[in-house]
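First chain written, first letter: the chains are A, B and C, and each begins at residue 1.
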Amino acid sequence: MDETFIYICDFIGTLAFAISGIRLASAKHFDLFGAYVVGVTTAIGGGTMRDLMLGHPPFWMTNPFYLICSGIALVWVIVFRKLLVRQNNTWFLFDTIGLALFTVTGMEKTLQAGFPFWTAIIMGTMTGAGGGVIRDVLINEVPLIFRKEIYAMSCVLGGIAYWLGMHFDAPAEVSAIACAVVVIAMRLLAVHFKLKLPVLKGEGE
Amino acid sequence: MDETFIYICDFIGTLAFAISGIRLASAKHFDLFGAYVVGVTTAIGGGTMRDLMLGHPPFWMTNPFYLICSGIALVWVIVFRKLLVRQNNTWFLFDTIGLALFTVTGMEKTLQAGFPFWTAIIMGTMTGAGGGVIRDVLINEVPLIFRKEIYAMSCVLGGIAYWLGMHFDAPAEVSAIACAVVVIAMRLLAVHFKLKLPVLKGEGE
Amino acid sequence: MDETFIYICDFIGTLAFAISGIRLASAKHFDLFGAYVVGVTTAIGGGTMRDLMLGHPPFWMTNPFYLICSGIALVWVIVFRKLLVRQNNTWFLFDTIGLALFTVTGMEKTLQAGFPFWTAIIMGTMTGAGGGVIRDVLINEVPLIFRKEIYAMSCVLGGIAYWLGMHFDAPAEVSAIACAVVVIAMRLLAVHFKLKLPVLKGEGE
């Protein structure tokens, strides 16, 4: 894929992830430092877990891009505080693009490291959805993705699309695009039709 | 030890750990994905922390066995929801077998990596009891093992039994069995006699 | 710097960190094991995250010093329970010394591993302040350092002092001392003048 295009997607995805963390931190009256840490963790937490499990140094330790993005996100939230709700559709879209890109990146890195496909699907899902789980742990809430509309499952389905592409000898690029398209489509459908996974009933119910 | 026997213990231990996570997740109305993640994390979380600290790739990344076990656990909880309470004694037993096996595995891997004995005891305890701590963080509760009957302390005592075995030049197998027996015996005694560690008093009390 | 002096600072810093964890655990009625785990995690949690990200085995796995310190801290809290409040100034001072030393250690290890300066500042801050975040996650509270007086920001400022020292070709020792002095001074000023970072306003406010 075109490098500049990926770079732009990475930027808006990181921005959207960081902003989601900073907004939740501000609702809990965190200070600037706390809000920045929660924002940065949302943006890079999933990829950090992936890199540790793959035995790599976390990707952000050699590239200040992600920390700078998160700084821009912090300024954005401060400046546009009262307009954020009106920008919700944009941020949802950016978040979705980030989710798709991070899933693809996570899968590619895992396959390059020689792990099997099902491990790559887990790592892709972790790269996309893991940061949000750490975010929710830090703000002391039950992780949203365990209860809300389909989120992480779009990564899993995107991962399966990637696997199908490889299985039928499609070029890596085509598989990656198929993966991203499935993630984005699933997310849009999930939010539009309020698709949720079935909830497990408690034992006494 | 007999390989098939260990394999069976690993299966029922993983099953019991995953089921404990899934039951707690269902009490919090997690969806299917959330419940599966909590179940899998309970089963593999301790060993994952151990492997990261030992510098290995997490054990489940090359063997789908543990993810499949956790899937079976999810189906079990859905199908036998109303019977789970009646099965409590069985799951307690399976959990205890898992705790013993995971402690032994954690110790063996740490000693093989060349670390001292006291590190192996910590890693054995982490392998056995660490997954439950991550489970409780994910469901946003104070970790049970910090307040309930003796749980992690049985791993520590089992680890000391292992160390005594090695100290008196017993074969590795004998030490491992001694460790497992101590863990299981301590757990049974703890639950039967409701043994708890002393609770720390607050400063104003 | 004088080795014995660093050793003493390491001891009182570890002690103070562990005691802060054990006191919070006792307020939540954790048992002895739980309190010890929270204490030890507060003391070594930041350095453990740093070592995992740098690709080293965690520092405490080959040196029982830190686990013993945390054991002493546990005994201290039990014995001097009713006097701890009166000792608050001492523990604050010891905690501050620990924060300074851990920040310096974190920076040095990261620079030695060949990472850039801004990564070292993050790792220094994580070494100093990360254990407290894990502590608060384990006791199921929102991390204190995201809302209280300036704490982690003193590490960041100390890190910048270190960087300035290196930038102007000061010997490593001078940079390290400058870093420690800035951390300690900032902490003292922050607590004396109740300096806080601005709090982010929620969106509806």
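FYI, a residue touches a chain if its C-beta (ideal position, glycine included) is under 8 Å from a C-beta of that chain, and two chains touch if they have at least 3 such contacts.
Just so you know, these numbers come straight off a predicted model, no measurement behind them.
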item: Rigid-body rotation angle, subunit C and subunit A, from Cα fit (steps of 5°); value: 120
item: Interface composition of copies subunit A and subunit B: same or different, split at half; value: different
item: Mean-CA-position distance for subunit B and subunit A (Å); value: 30
item: Shared interface positions of subunit A, touching two or more other chains; value: 52, 55, 137, 140
item: Contact set on subunit C toward subunit A in their complex; value: 52-55, 115-116, 118-119, 122, 133, 137, 140-143, 145-147, 150, 152-153, 196-203
item: Of all residues in subunit B, those that touch subunit A in their complex; value: 22-23, 25-35, 37-38, 48, 52, 55, 57-58, 61-62, 64, 67, 77-78, 81-82, 84-85, 137-140
